[in-house]
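Both of the next two complexes hold subunit A, though its partner changes from subunit B to subunit C.
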Partner chain A sequence: MTTQTETRPVRRHSRRPRGGSSRWGTLGRALPWLGPTLVLIAGVVFFPAGYMAWTSFRDLSQFGVDNGPAGLDNYTRLLEFTALSRVLTNTVVWVVGVVVVTVLISLGLAQFLDKAFPGRRLVRLAIIIPWAASVVMTTTVVYYGLDPFYGIINAFFVDIGLLDRPYGFTRNAVPAFLTAMGIAVFVSLPFTTYTLLAGLQTIPTDVREAAQMDGAGSWATYRRIILPLLRPALAVATIINIINVFNSLPILQVITGSIPGYNADTTTTLIFKFIRADRQIDTASALSVVNFLIVLAVILVYLRVVRPMRED
Partner chain B sequence: MRRLVSLAAASVAMGLTLTACGFGGDDDGGDGGDGGEGGSTSLDLLVPQYSDGTTALWEEIIASFEEDNPDITVNLEVQSWDNINDVIRTKVQAGEAPDILNIDAFSGFAKDDLLYPAEDVVSSETMDDFQESFIENASLDGTVYGLPMIASARALFYNQDVLTQAGITEPPATWDDLLAAATAVSELGTGVFGYGMPLGSEEAQAETSIWTFGGGGSWTAGDTITVDTPENLAAVEFMKTMIDAGATQPDPGATDRTPMLDVFVQGQIAMAVGLPPTIGQIEERNPELNYGIAPVPTQDGSPVTLGVADHLMAFRNDDDKQEAIRAFLDHFFSTDVYLSFVDTEGFLPTTMSGAEGTANAERFADFLEVLPEAQFYPSTNEAWAATQGALQSLVGQIQTQDAASVLQQIQASADNA
Partner chain C sequence: MAATTTSPSADPAVLQVDGGRPARGSRGRRRVLMAVAGGVIALVFVLPYLVMLIGSFKSRAEILQVPPTYLPQEWLPSNYVDMWSTPETPLPYNLVSTIVISVCATLLVLAVAAPAAYYTARFRFPGRLVFLLLVLVTQMLQPTVLAAGLFRQFVTLGINDTWLAMILVNSAFNLSFAVWIMHSFFAAIPRELDEAAALDGASRLQILRRVTMPLVWPGVVTAIIFTFVACWNEFAASLVILTTAENQPLSVALTKFVGQYESAWQYVFGVSIVGIVPVVILFALIEKRLVAGLTAGAVK
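So, the complex of A and B:
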């Protein structure tokens, strides 16, 4: 009897402090295991990001020697940059265009690959290939193919009579930018398709069957049942693509790198030009900070408006 | 458990030290093992890749040096021209500059007070052997910082067969001749283009300089960079005339030099400005090409060419390395070693003994002849690097824009630097 009355309060008693101290206790015990990861994250993420933000307020010589604080000079110089509006427009076109087209094509491909048909395994394999090849390599192949002097794609267009003479697809801002967008879609497809395919396979067949029983057509089933259930997978695919495409340098660098002016630049390639051509490491840092804020804002807006993570 | 904790702590501490080293900024030595004990010194040497044979060539030079100086080791790092500017910038920023660097421009480093004056790192015999024009081009405010290492000049390469076919008997000497000859070739309708004008980002500053120098223009007046001048504008406007007349290959604004010279070698461009190594490329890739070399056409026909000199420079990292650096540089510039480098890479020598001894005297006669008329980039002006960058990324716009406004944009970048 006494034991019982005693144990109860003790138990209840011990529970509370445990809740508090055990959290710290758990953390303390987990720390040695988490430690290396935390050090790594701090070292490769937070430190460089912080250092970048710091340099954006410094006056750096073209060889990186620190000449003291610069206040907001770097940001002012950036805002006064005349081609900025064109570059920002390009960035929007680049990100929205590539991500939307990639997701739309991937939705179709994923649906196709979800069906059973002979040779499906081979087709699935074929779609991974652009993923396995290096982006620079893929891009370079297309770049050479489109070369007006010795490109086979150009020669092919001339041979079949589509063009009178080779056209400089990679030598003019707009066609080169569109070409780069096409390649960006091509290399983004595997990841997106597979993410969506994985999402499709988590949808139980009885849900679809139930919809059919209720008389829903295949389009209505897709729109009302499949697509909402695909929402989490779609969210992951979209966010990762936005970040990836926004920060992508190699494709534009290879395809549009030799084009004069800023008509084919995004903010990311402009950072690169600030460093390489203009030798302004500090302005480039300021633009990097702006770039970082833009991508953060885009993701927040996306999460707010589309609310892809909601469960209903 | 305890061991794990201490291990984690140790790795944290190590991580912090490493970061501290990398971003210290001041060169407080970092690893102390380099200098002192036992009199053994190691030198870091950073060089660009001129050709496929560059690495082997340097390894040979280093091996012969280390044989003579067993207490000095030289660590070679070879980078492509595309990357070397980024690499050196990162190294300087991290306080890990090499001891000796081979690159085109030295003035930025000199302005940041990172370099030894040349006379402190080579013997007076070596110093006196350099040709005067190159030494001038290697000085900043009266002090020589760069050691002129190799030189290059430009000349007009022309396809003899195509010119004959177009009824041109002599290579053009003036801009008007060039325009007429190039237009005549383009009008043949054989798919061969008259003049190759590479204004893509690779080396647009070179092509532009050839034209502006040829029109009596210059990139500097005193200490200021002058891009937007009447002479330069006239030259760039003539370039635009060439483009508009269809005398050039299509889209010159986005054509890079190296791939364009390949097209010349293949015989699809009738005339293009080339360099000494272009001769070797023709021999290797299309020995059948019937070509000639002539001075670059200028506005009035008087010879001018663009000279380029690359430099060796020594960074002041540790004062106890100065002797070792001097030993290495003197070894490099000793006539035999120097000529083995210059001749193998196919460039023009910058020393007097080299000019006498070079095995390529006959082969490069066309270039050696115009060398006294060479004008250089104003690479001692610290705003030049940014100007060059602006020329590379902007001048090609003359294909679609007004020449004057393009020059104004470039001038603005130069003023900003």
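So, the complex of A and C:
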């Protein structure tokens, strides 16, 4: 294995095997190092993905017995599902709403935390908490706090005069869905803010300071100088957020799980209703495939329209 | 995504562009205003967890009282003892489950990702970029999307509802971040160092252990903590794959205390505090490196 170290030390970045004949040999030497990763990814990510796609064309009983091919039955059952259009609309509102609001607030927060002020480290540490804490736990405490009877947040809103009397935020589909969106923004802020903060750190200090000094047109300076330089960080933050928010289960599960019907469901929570309540693994698989295609399409459209990687 | 290898700015001093400028006159006042604003922001982020902490000391009767009290009339630290033996869920088992799954998955990620990150950062070989892209793609697939497939696969293999299944799921889905962040740290180390060690007759594994590892340690720690916290908080796959109450992690067990009609909120919050405090401490430890890591692994 030590033979590779004999290549010329002049080469700066990485070593390339000399000549075509040793290509397969090089690949063979790489395998012991990469093999475990490949096995794990193949076995636990790509195989179940393929298995799920295959299952979506099979007819499974509730007990998991395979009753043979089903053609497109599972997909047609999805199309005939009466609440489907509502669920799809919810999904769009959920993803677009949460991601846009998260990114906008995070841009402000990152800009703020990039400046020096006493206690900044503590504020940064405080912002980290919702990131480290389990989303289920964060959501559960908000759910409790918003209870119309014993909820402490509801009582607080009444005490400061924001509400006349406690409001059942989590009792009906629409307010519960909006509440869940608020929580989703809250738990997405730390990661997004930190990514944008990391992006700001890559901008040379003199550029940032010049932009800050320019008091009069500071918004224009920000928009013309800082924002374009933030583009790569913004792209990463947005894409990871789209993936996370789209796949988010616990928030809606806790906040709207007890509301009957599908008015507060996204495609992701619907998958879990199919699996857990009805044991419809085949239909759930079909919906998962659709779900994945939607995520993929959204990201491609985002990359196409916003062109986050454009250098300018 | 621009998936090129870049060197991380691992130097925390570069990141803390802090307090360098003198505060005088209106700038001093602005700093005070900013500190106040910072305090308000911090409070907003801490508030839910404060509600949690205070609630965990209330009695069952008081936490369901209408209208609610802000502070407990009677502080009950005994909740933290009683919550371990309730009819709702076998909490000691849930804690053990969470620890076993998170620790094993983290170790597995480290054992699998470190060699891959090292090799891809050090050597060019056919398929190197394909491999790195493949790893990146797994970042897009989450256990939530694949839950149906994973469930069916584990049933077929006969390991559904086992720790092993969840260890595999957690490690596979956290591999991507670990490989990428360690890759960028390995890539930042001058190659000459390896070569010198090789000339001295060290084997590749010895070089990795004695020379390279100490230098990439910050990256490794970040990867470990990040993976550990993600495994600790995992919810969706556990919900589908782990059906026996004893096997479920804290994140799933917690939901058992919330009933349709009667909820033991004081225990929900007690369990949450126990679940949150250790990971917040871990995360706070890598707070500075988090910015460096995100810059290295993602932004560039």
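Annotations for the structure displayed:
The rule we apply is simple: the second predicted complex is superposed on the first by the 268 of 312 C-alpha atoms of A that agree within 3 Å, B and C clash if a C-alpha of one lies under 4 Å from a C-alpha of the other, contacts with A are read in each partner's own complex, and residues count from 1 in each chain.
Quick note on the criterion: contacts are C-beta pairs under 8 Å (C-beta built on N, C-alpha and C of every residue); 3 or more make two chains touch, one makes a residue touch a chain.
Keep in mind that what you see is a predicted model, and the values were worked out from it rather than measured.
Once both complexes are superposed on subunit A, the partners subunit B and subunit C clash.
More residues of subunit A lie in contact with C than with the other chain of the pair subunit B and subunit C. Shared-chain residue A:Gly97: touches no atom of subunit B or subunit C.
In the superposition on chain A, A:Arg276 makes contact with both subunit B and subunit C. In the superposition on chain A, contact is made by A:Phe149 with both subunit B and subunit C.
Touch criterion met: A:Tyr51 reaches subunit B and subunit C at once. In the overlay built on the shared chain, the residue A:Phe63 is in contact with subunit B alone; subunit C does not reach it. Of the two partner chains placed by the overlay, subunit B and subunit C both lie in contact with A:Ser258.
Applying the stated contact rule after C-alpha superposition, one finds that A:Gly182 touches neither subunit B nor subunit C. Contacts of A:Pro36 after superposition: both subunit B and subunit C are touched. Within the three-chain overlay, subunit C meets subunit B in a clash at only one of the listed stretches 26-34, 116-124 or 242-250, and that stretch is 242-250.
Residues 32, 36, 43, 47, 51, 64, 149-150, 258, 275-276, 281 of subunit A are contacted both by subunit B in one complex and by subunit C in the other.
Of all residues in subunit A, those touching subunit C in their complex are 1-2, 4-5, 9, 13-17, 23, 26-27, 29-30, 32-34, 36-38, 40-41, 43-45, 47-53, 55, 64, 109, 112, 115-138, 140-145, 149-153, 155-156, 186, 189-190, 194-195, 197-199, 201-202, 205, 232-233, 235-236, 239-240, 243-244, 247-250, 254, 258, 268, 271-272, 275-276, 281, 284-285, 288, 291-292, 295-296, 299, 309. Against subunit A, the residues of subunit C that register as touching in their complex are 1-2, 9, 14-15, 17-21, 31-32, 34-35, 37-39, 41-43, 45-46, 48-49, 51-52, 55, 63-68, 70, 108, 111-113, 115-116, 118-128, 131, 134-135, 138-142, 144-153, 155, 168-169, 171-173, 175, 179, 191-192, 194-195, 198, 203-204, 229, 232-233, 235-236, 239-240, 250-252, 254-255, 258, 260, 263, 265, 268-269, 272, 275-276, 279-280, 282-284, 287, 290-292, 294-295, 298-300. On the side of subunit B, the complex with subunit A involves touching residues 1, 4-5, 7-8, 11-12, 15, 19, 23, 25, 85-86, 88-90, 92-93, 108-109, 111-112, 114, 191, 199-202, 204, 249-251, 253-256, 259, 263, 268, 382, 385-386, 389-390, 392-397, 399, 413, 416-417. Residues 31-32, 35-36, 39, 43, 47, 51, 61-66, 77, 147-150, 165, 168, 170-172, 176, 257-261, 273, 275-281 of subunit A touch subunit B in their complex.
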